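In the two assemblies presented below, chain A is common to both, partnered first by chain B and then by chain C.
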Partner chain A sequence: MSAPARSTGVWTAAAGSAAAEPRETASAPPRRRSARRRRRWTGLAFAALPLAVYAVVVLAPLVQSIQYSFFKWDGVSAATWVGFDNYVTFVTDPILRSTFGHVLVLICFFALLPIVLGLFSAALLTRAKQPGMAVYRWIFFLPQVMTTVVIALVFKRIYAPDGPLNQALRAIGLDSLARTWLGDFTWALPALGLIGTWVTFGFCMVLFISGTSAIAPELYEAARMDGAGPFREFFAVTLPGLRGQLAVALTLTMTAALRTFDLVWITTHGGPGTSTLTPAVALYKAAFQNPQVGLAAAIGVVMAVLCLVVALVITRVSERD
Partner chain B sequence: MATTVAVVAGLALTMSACAPGGGGGSESSAQPSSISTDIASAGTVTLKMTDFWGSAEGKWIDQAIADFQKKYPNVTIDRTSEDWGQLNSTLNLQLQDDAGPDIASANNGWQSLGTLAKGGLVVNLDSYAKAYGWDSKVPTTIIRQNKFTTDLKTMGSGSWFATPMARTSLIGLYYNADKLKKLGIEPPKTLDELEVDAAKAKTAGEIPFQYGSLDGSTSALLGVQAVLADKNKLNDYVYDVPTVKASDVGMKEAVETVKKWADAGYFPKDFAGIDYQTAVANFVKGQGVFRWEYTGSLGLSTEQQKHFGYVQLPQSGGKTVGVGAAPGAMVISAKSKHPEVAAAFLDYLMSPAAGQTAVDLGLVPALSPDVKVPETSLSLTGESAAAKTLDSDDGYVPYFDWSSPTMLDTLGQNLQLVFAGKMDSGKFTAAVDADRDAFLAGQA
Partner chain C sequence: MISRTERTVNYVVLTVMAVVVLFPIVTFVLAALSPDRSGGPVSPSKFEWGNFATAWQQAGFGRALTVSLTIAVCVVIGQVVLALLGGYAFGVLGVAGERVLFPIVLLGMMISTEAIIVPLYYQFRTFGMTNSLPGIILINLGMGVPFGIFWMRAAFRALPRATFESAEIDGAGPVQMLRHLATPMVRPAIYTLILLSFMWTWNDYFLSLVFLHGSNQTATVALGVFQGKYVTQINLMAAGGLIVAAPVLILYVIFQRKFISGMLAGAIKE
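Up next, the complex of A and B:
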């Protein structure tokens, strides 16, 4: 049932592989091999308990979810085996299928837009060192440490018919643009997406700033000597140097978009109509409101697989030379 | 890669071999042959009870327990209270636990009560109904809400699996008495009068109906439907009779009516962006003349109860039909060791004494025609009168969303489409039928 929890697992794995791995030194003398092997077993013994916990808390529910997804089950009485029916329902039911489209829109707002903005602001901020930079970073990073529930409630207020956004628009004479943002079939999804942009933008920016500071200054010097302008410098030095950070940012923000739940649940419940319904919300409704545990499990499995694929593809692409 | 395939194939095999669930599937229809209603000689009994009531409702059940224990000093009832959503999502697990509750409050319909009955987790109460004469005490339209056929394919007939109580929760029309006085109009007595009053209110610059559709609120739609629908057909529709269609139960007319009100500007200007809580708060604050609402949901203080009234509009034929049900379906766990004592307590919860306790706490009474309502409370006077009429007219219709587990979503989503002009009433009723029929097909 816990697609979100599982996808965080995916990211830790991805980040873990990026961290420095202990390297085997080929020149180790042969007589020390058995000692090394013994040490490896000891290490494994130490890891046994956490591994066992991981198996019980993560792997067992994962396998169970996969199992449930092949049944029609109300959570109480005997389940009936339905093969791939739940998966077929997920991709053929027009309302459930539409959730994929909504997720694609959310990916634009959660991943692409913040990364572009983050790159741009990182490039601006690192070119000229300004006093008080830490304060900027702190302010833009703030949404990342706030609970989504709080953020959703704040934005629900901002987007309200008589909320600050509409008041501001009316104050500057743009009355025609004021609308019921979250109750509007066209604007509800982008409005939710922009909340995501606000949340992930600061994170991307901070990530990219730390990435650029790790790029060797000689590269910039060399580029400038060759007569590169700011744009050339950005595309030839900064961007390639940020490949690792880009991969992390993309993986995190895209999986965040894929499993959007609390934001939608608190603001619109998937409405108006089903225009902001996401797979995670559909999953929650199937699992906890309507007795369709099998369908909920199928949605969870598909989303977990998608998160895994996203993470794998991004890692592969970013590590290719 | 090959090992992965093998593992997956192995998993698939084990999965098909052992299906989840069905552990509790005991024979729920097994009943004791004779029922003792002599609780005083049952010895010392302790019952565990879990319910989803807080504040005034919590005080009501506490008082009922205290009174019952006074009557039978040999019985102790240990009560646990949980949040409504929390209990609904965990009750099936609690009832499978040997140390689980003997008595619990469930939610009617297939989502909760039907699922529990299917799983054999709750006792078939038919023999208790006979022993205590529930069939003659309770209006038929309320009895049906607690019944399922023993093959557990149909709701609304068959055996008792839960009991109501001397309280009810209705959908009806609240009005702001001060505003009516200012506008010089009497509380409406028919739907036509209500529409005339709404037009007057609009002309006077008031918001005729306080309403917000952001989270898909359906109380206005279902309140209007009960005034327009054929009572028996509407009951049958919800109770799984496939030949009755949504267009037979006033759904089309109800949708057209609320859409007409929306188009006429009878709702707040930006109602599509107003959520339920905000709409309730605005109404209590004095914005809006009328509001269709569930009883007990406005959270009126004793002082506010003097300024808000309640009417249950009758149908054009003169009889009153209203959406209403007990605010919980009381069940006895199949694992309970003292079902007879538990049944006696459920019987007590339906007594006039429990009804009077409800009124004294400001809650809407039911099954108690002779309760004394404090005259100063305008809203409670209206609510109690409505419940009394519905009891005597046997005029209850169940909450429409019991017809399928996904119905509440379907109604809310499609109503938003109707308000946005993206769907007409014909397509709306078709969507409602499609949802219900898909569910019925799955039941068969």
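Up next, the complex of A and C:
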């Protein structure tokens, strides 16, 4: 990170290399040091507007969320302090607590399944450039640029009572399996989960394919010389080489599962019953439908903490040794 | 070189995956063109192109698309300005208090909307900023600042430092340098930011659902309402869906490289 070769020290601070900074400051002549200081204040002036907007829209509400979460408030009358009651409600109320279980199911479909599929296909693909790859990449990324509302409608049609899925089941004589998928207490959640699988697996695939092409070919040659078969090769070379991409894919897909709102809201509203209720849907209902504002804030705070923990743990684990 | 078998395996794997992705979308497009309410596929000669016009009128998409477009354009412009200012400050000038401020900015990329939406709504309500376009534009801008700064900072840092040094010796001030020297050099990064920012704003559902009602509904929210009302008319619902998805899809067809590289780079971060 440190860059001793640079002709002037003034730009080093801008490069954000914390390690190099004090040393440069110590050795720089006073005039240059004050020039740099002036530049940094100019920088602060430049950054002031974006930082102010960010502070008003994100940082202040973030702090207020924590504050709100300790109150009982219906959004209109005076709020009363209730300590940790809202958090206790979130984890003890059977319906709200069930949202955690739903999230775990969604994580299997949003994160694990797409990553396994992505790894599997990346492993099957020979790491050679071949014509037409751009077209495939375009297709795999398509779900990423579509708004969730439209994706929800696409699958509402697929899962409809007389939609393609049930038609296919009936065509092969499995009439007994045909059902109103999104209206079924048991099947609605997995059906939603599979939409998530469809959305994310292409992204994981592209990520992993680009990752494998960055692994040094010598590693594969060495593995082959040692007599490693395709399986050994995958576990000894490909998987370790994709560590960074795996961390990214896991973080993004797990937080997406945790935060699922649009998909559920448009297809099932959390139903039937509460069988597809997610924390975000519970938050929306508590915040804006029958206001228990403090509870909603508590749900939001817990979700944010969980997202942060997921991101930090995955980064930590992936960067170990 | 790889053998013909390997090449064939590659194409088979890729094609199977591509079909899995495309199948739902194709049935949706066929449903949108079907004269049949249930959206059953028909032969091309019987395509009902009028579905788009019908859906447009019944859902009031004219108004909703205008709202979405207004919001998206304002957010994109504002976003680029904020990102240029912040990115240039953090990437080139350095910022007093950077060691505290920059991690706070990065933290923003990990903060979910849910963590701030509740106070945001009730505070904005106090100031009469709910159900107003300036309000939602401001929110989108604020939430986009972390990625914008992160993205443009990386672009500015990739420039050769000698350019700035010589310009400074020539007596150029920081504002001049940003406007006439640095900005033109990071044009590709700006284009990617424009595309991503447009896509995120246009595709947003949650914020619009919370903040905008009635005549201020965005296209995504209007589509949600429309599909709830016309549950039995799948062909119209699908046509409406395609209308709302069209602007981003068209951009994606034209600028696919920028979209994909931008989203991959944005995902991987540092």
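As a working rule, the second predicted complex is superposed on the first by the 268 of 321 C-alpha atoms of A that agree within 3 Å, B and C clash if a C-alpha of one lies under 4 Å from a C-alpha of the other, contacts with A are read in each partner's own complex, and residues count from 1 in each chain.
The criterion applied here is as follows: contacts are C-beta pairs under 8 Å (C-beta built on N, C-alpha and C of every residue); 3 or more make two chains touch, one makes a residue touch a chain.
Just so we're clear, the structure is a prediction, and the values are computed from it rather than from any experiment.
**Q** Mind working out whether A:S213 is in touch with chain B, chain C, both or neither, as first, second, both or neither?
**A** neither
**Q** Look at A:G202 in the shared chain and tell me whether it touches chain B only, chain C only, both, or neither; answer first, second, both or neither.
**A** second
**Q** In the superposed arrangement, does chain B or chain C reach more residues of chain A?
**A** Tallying touched residues of chain A, the top partner is C.
**Q** Please indicate which partner A:Q144 is in contact with in the superposed arrangement: first for chain B, second for chain C, both, or neither.
**A** second
**Q** Contact-wise, after the overlay, does A:F71 reach chain B, chain C, both or neither (first, second, both, neither)?
**A** first
**Q** Going by the contact rule set out at the top, does A:F288 touch chain B (first), chain C (second), both, or neither?
**A** Both chain B and chain C are touched by A:F288.
**Q** On the A-aligned overlay, A:A160 touches which partner chain: chain B = first, chain C = second, or both, or neither?
**A** So A:A160 meets both chain B and chain C here.
**Q** Following superposition on chain A, which residues of chain A contact chain B and also contact chain C?
**A** In the superposed arrangement, which is not itself an observed complex, chain A uses residues 64, 67-68, 75, 156, 160, 162, 288, 293 for both chain B and chain C.
**Q** Going by the contact rule at the top, pick out the chain B residues touching chain A in the complex.
**A** Counting only chain B, the residues touching chain A are 11-12, 15-16, 19-22, 24-25, 89, 92, 110-111, 115-116, 118-121, 213-216, 269-275, 278, 405-406, 409, 412-414, 416-417, 420, 422, 442.
**Q** Which part of chain A faces chain C closely enough to touch in the complex?
**A** 6-8, 11, 13-16, 18, 36-37, 39-47, 49-51, 53-54, 56-62, 64-65, 67-68, 75, 117, 121, 124-126, 128, 130, 132-134, 136-150, 153-158, 160, 162, 164, 198, 201-203, 205-207, 210, 244-245, 248, 252, 255, 259, 261-262, 265-266, 279-280, 283-284, 287-288, 293, 296-297, 299-301, 303-304, 307-308, 311
**Q** Touching chain A in the complex: which residues of chain C?
**A** The contact residues of chain C facing chain A are 1-2, 6-7, 9-11, 13-14, 17-18, 20-22, 24-25, 27-28, 31, 38-39, 82-83, 85-86, 88-99, 101-102, 104-105, 108, 110-123, 138-139, 141-143, 145-146, 148-149, 157, 161, 164-165, 174, 178, 199, 202-206, 209-210, 220, 223-224, 227, 234, 237-238, 241-242, 244-245, 248-249, 252, 256, 259-260, 263-264, 267-269.
**Q** So in the complex, the part of chain A that touches chain B is made up of which residues?
**A** Result: residues 63-64, 66-68, 70-81, 156, 159-162, 179-185, 268-274, 285, 288-293 of chain A touch chain B.
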